[in-house]
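Please find the structures below.
Below are two complexes that have chain A in common, paired first with chain B and then with chain C.
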Partner chain A sequence: MSSTTDTSSNPAGAASGRPRPGGAGRAGNAPGGAARGKPGGRDLVKALPWIAPALALILGVVLFPAGVMFFNSTRDISQSGVDKGSVGFDNYVEVFSFPYFWPIFLRTIVWVVVVVVFTVLISLGIAQILNKAFPGRRIVRLVVIIPWAASVVMTTMVVYYGLEPYFGVINKFLVDVGLIDTPEGYGWTRNPMTAFIWSIVIAIFVSLPFTTYTILAGLATVPSDTIEAAKMDGASPARTYFTVVLPQLRGALSVAVLINIINVFNSLPILKVMTGSIPGYDADTIMTMIFKYIQNQHKVDVASALSVVAFLIVIVIVAVYVKVVKPTREV
Partner chain B sequence: MKKSHRFGAIALAAAATLTLASCGFGGGSSGGDASGKTTLNLLVPSYSDNTQGLWEDVISGFEKANPDIAVELEVQSWDNLESVIATKIQGGEAPDIYNGGPFAGFAADDLLYPAKDVVSSDTYSDFQDAFLANAEVDGTAYALPLIASARALFVNNALLEQAGVAAPPTNWDELLDAATKVSALGGGVAGYGMPLGSEEAQAEAAVWLWGGGGSFGDASEITVDDPANLPGAEQIKKMIDAGATQADPGSTNRSPLMDIFVQGKIGMQVGLPPTVGQIAENNPELDYSIVPIPTKDGSAFTLGVMDQLMAFKNDDSKKDAITKFFDYYYSADVYVPWVQTEGFLPVTKSGAEALSGEEALKPFLDVLPDAQFYPSTNPKWSATDGAFKSLFGQIQTKPAQDVLTEIQAQADAG
Partner chain C sequence: MTVTETRAMLSVDAERSPGGRDRGPARKRRYTEDQVPLGRVLLRMLAGLVVLAIFILPYTIMFFGSVKTKAQIRSVDPTYFPTEWHWENYINMWSTPETPLPQNLISTIVISVFATLLVLLVALPAAYYTARFRFPGRMVFLFLVIVTQMLQPAVLTSGLFRQFATLGLIDTWAAMIFINAAFNLSFAVWIMHSFFAGIPKEVDEAAQIDGAGRLTVLFRINLPLVWPGIVTAIVFTFVACWNEFAASLVILSTAGNQPLSVALTKFVGQYETSWQYVFGVSIVAIVPVVILFMLIEKRLVGGLTAGSVK
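Let's look at the complex of A and B:
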């Protein structure tokens, strides 16, 4: 084991073994919390000045817009934006009776699952490489951040123009090496299927840095003595990875997956740029559909209803995920 | 601990979801300021890189002549314009003067001043009657014509010659024949550039459907799903199936395709007056001519588009200021250079006279008398327009009748 890894993993190892006040570990936490919670009122008043800014932020930035969105979803808002009164849940009926709703829903699920799975798998590999010492590692680590630092729209535009027939560099390359036999190239972004697949590729690309770094941070907390012990017991590298390293990455991985799910589900710009010119609804996800309701049909009310639906879907996914994976359970 | 994490995750999800739909609170201030000045808010789209500068010139000239009125300018892209105006109206911050396309929805919601109330009678009578008629809802004009444009067929002479086509086509049969021959040249050259993508599908649709004797309807009824529209829709399919167009016409946007024409890789494409300037700037060597749009039987037709200025009823004390602004703007000295720089056609009688000698505009001024307009005074036009943008391109793969039915359904629902 190299000295670099050793020094970097030392403080982290110390931190994970830190003594806990009020009893150790997972079991001690809940009762401790309950005991602290009992005095209630007075403590809450005392705490208020400290949590007030955060509360104000949550109220103002999360709950208030959510309330307005829900309110809008039950109104009849004219195309020019005038509120014409309540319509109950008619807007929801319109959302669900839209013939393309279920295909769009399924496509959204495919979009999230494929992007997140590939992102995590690739990131695991990249993080493993970046965790090893090699000359120029610092530069490579910086390079990995670039897709994150660049604006998503910009990255997408670069690929979009690369894929344009007649002048796109990717198309030109494919024509030059003989993979495409029409001289102007293929309309990758003009057909729903190929545009959607390219969008997935871009989404994976821009999700990699965050995921890689989260996993890399997780790898830094894996104590080197556990790996050494496995080595001394004669475990193969593969076995060491799957039975020693990977379980210890659980915390980092589950956070990375959770945040990626939310991010990817709510991602609009990539699909908007890549599939924006395609007619019909064969490459839409829920997010682009919300956008189309607003942009093309000027139905702010129906768009709000679909947003509420999307919001509920995310909450359900997150709740199920939290229940099943228990990302905060310690190893 | 666990609980707060879960809540955090949900809050994060919420915050992320909400960013899209709840952007309904625009900022911006309006009304008079302390010095007793009247402030007019002006919301305009960007027609070209010149637009902002042109309006700034108009405003500074106007403010010099009317020191008690200030004009605040906001320029938006066409892509965003309609969502911006809807957001502003919803937030009670409608601009005083707005430059846009469809306006019948605003008139139906009783948001606009009748045109007569906000211009002097001299200015009003200077508008060409056909344009003013196109701005009427139930006999009252609610918008002031601003600019007009007409379309014509841009033809790449060199490609047609190379393909052995003697003269530019005048009807559909000749067009199909010429485009097929040009496409057969190979090397990535397309015979006819057909942009049915979301950018401006309604325009290319009108060129074909109306050219075959159809129509989108009138002020009271939208009739997209009409037998009269079928010949045009079928002809589009015929062109696509014959390989006479570029690849994937259903999802090709107009502006990027026009760039390809300018590069000399497309035989024929329908263009606008500003296209002339675009060619002069980017590829002056292009050997092209401008001819009337071919129709089914060769009869003369063009798609006219008119954009309007409209005044919102925010505060009656501003009405006089708005009137002064319009009267100033439409005076020939101000208006003609404005229209000329933007490369559009004038809508006033005095403007048409002043520009009649203009060489580049001549082919378009010639076809203008045969112009047909979108039924933009129909309150459902905006929905129809959106339906064309998002659905019409499907004609590449779906039966023509199905596409028309689907558009009609979405338009009726809007």
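Let's look at the complex of A and C:
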């Protein structure tokens, strides 16, 4: 590695005449700010040893499998995995002509929208509490992390147990406080509808930590002077919150919503545990349906077609969202 | 609100505040702000307590369940608290008929450790170089990184399954190490990229003028400064790999190869689930990663700001 001054690959921003914004956070300093001269082919050759391993991993284990998936969605693959040739769009026809497809599609939308909306609203409240100074705040902040770090499968399983008829403690609690009449409880996890609703509750619960922390990070960037100015102008706390604080949270919120949409759409473990043992397709989302095709029916070809559909849905959601909200992510 | 706008606002505030007139009242306000009335502090503590109780509740149920006997945990009129504490569950739970739990634990550890090492090995140079140098295709590369962040193994499982089957790597740890590494790469690159970008270039320049080579600058000058970013990336990646579920479910078919997250689901829907063992194993699996996450709690906010909330 040369240590000399090679002008064409000078450290990015070295020649920048702009004053560095102080204190406002290092995150956004445009890397490669104002390098002198246009980078050329030689720079790419120099960069390769540094980025090639990452590139190989992304191409080999993310993009190539994506290609394989698109290809397989047009093939006829036997249960044992033998490729029997092209079938055009037959797999897609099977996906869309499946009588439960549209209910599953709608349920997926409900799943994503309800979970993300409630997650964000509740997180805004929790972040507001954790942003105020009080004794023991640090402990509360630490405890809020737990569902984030803990395995979603394990968190879901404890709820599943708690809802079991007869011996589940959540069930017992609901009986004890009088919300359920029958002492043996209700078959929460036996009924697709109730199992799905409880799955939504769990999905919200495990999404709260990340969202809360992202909002807290956003709150930390709200200048206290602005809030004080609003107070001095006689604005009520609510008015201050909605007109001063919330607009400043726009960046944090848009990132939190975007990442939550993707995570919730792709979420498998909660529904797998909560509704996996219910026969039929009355509590499935697109994601659990993909895994039913792979695991129960051994139809990798149809699963690939549905995965492509899911993939396109994610892309559309992200594109529409980025277009409408314009999250403030800069590269 | 873009970063630039936010920053512009900040600098406007910074310019205004030294000005004489509104300095006085502002300081006074801040003083009273510190002297929050006791009633309000108690109210905040109460709210905090409610939050704490909600977030800890499932794990308390888990813990209490882990020390109950099977008869207690499956009793028709269950008790909230264990009547006797059966710590021996934590020994007996490792030999259950449902799944070879000791092997599942080893599997989880091996996959997580090696995937994290691979991520670090691959992401660190990329993060450093893209933050420090310009080259043709840099934006394409960073775009690819963002695209990977948008994708998750779940949506690509059928492709991954076929690809690793063709490679003969199906049902191996290696497959899951590669998959975990690839899908957590973007986060690690992104966080470390931001930390590298945060080091004033003058630091590098000064070192280079003093005759330090690029690698010397990286290892001696930059790494100590971005260390918090590296730790954050390591912990994030490790915890994500530790809890990975969707791809492992399809790729790893042999019971002994599966991580705990997949193995434990076998207890659901059993005629007589040994819930006390499920919870014992869950506690053992959850406590270490929770502690790891708590260690970076302070940087979690900063790390997230650097990583995504730009």
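Convention: the second predicted complex is superposed on the first by the 270 of 331 C-alpha atoms of A that agree within 3 Å, B and C clash if a C-alpha of one lies under 4 Å from a C-alpha of the other, contacts with A are read in each partner's own complex, and residues count from 1 in each chain.
Going forward, a contact is a pair of C-beta atoms (placed from the backbone, for glycine too) under 8 Å apart; a residue touches a chain by one contact, two chains touch by 3 or more.
Keep in mind that this is a model prediction, so the values were computed, not measured.
Looking at the shared chain after the overlay, A:Leu268 reaches both chain B and chain C. Contacts of A:Tyr213 after superposition: chain C is touched, whereas chain B is not reached. Residue contacts after overlaying the shared chain place A:Arg107 against neither chain B nor chain C. The wider contact with chain A, measured as residues touched, comes from C rather than the other of chain B and chain C. Shared-chain residue A:Ala310: touches chain B and chain C both.
Touch criterion met: A:Gly280 reaches chain B, while chain C stays clear of it.
Once the two complexes are overlaid on the shared chain, A:Pro65 sits against chain B and chain C alike. When the two complexes are overlaid on their common chain A, residue A:Leu44 makes contact with chain C while staying clear of chain B. In the superposition on chain A, A:Ala133 makes contact with chain C only, not with chain B. When the two complexes are superposed on chain A, the residues of chain A that touch both chain B and chain C are 29, 58, 61-62, 65-66, 68-69, 72, 77, 81, 166, 184, 259, 262-263, 266, 268, 276-277, 287, 290-291, 294-295, 300, 303-304, 307, 310-311, 314-315, 318, 328-329.
Per the touch definition, chain A reaches chain B in the complex via residues 29, 33, 58, 61-62, 65-66, 68-69, 72, 77-83, 94, 164-166, 182-184, 186-187, 189-191, 258-259, 262-263, 266, 268, 276-281, 287, 290-292, 294-300, 303-304, 306-307, 310-311, 314-315, 318-319, 322, 326-329. Interface residues of chain B, counted against chain A in their complex, comprise 1-2, 5-6, 9-22, 24, 82-83, 85-90, 105-106, 108-109, 111, 186-188, 190, 196-199, 201, 246-248, 250-253, 256, 260, 263, 265, 382-383, 386-387, 389-394, 396, 410, 413-414.
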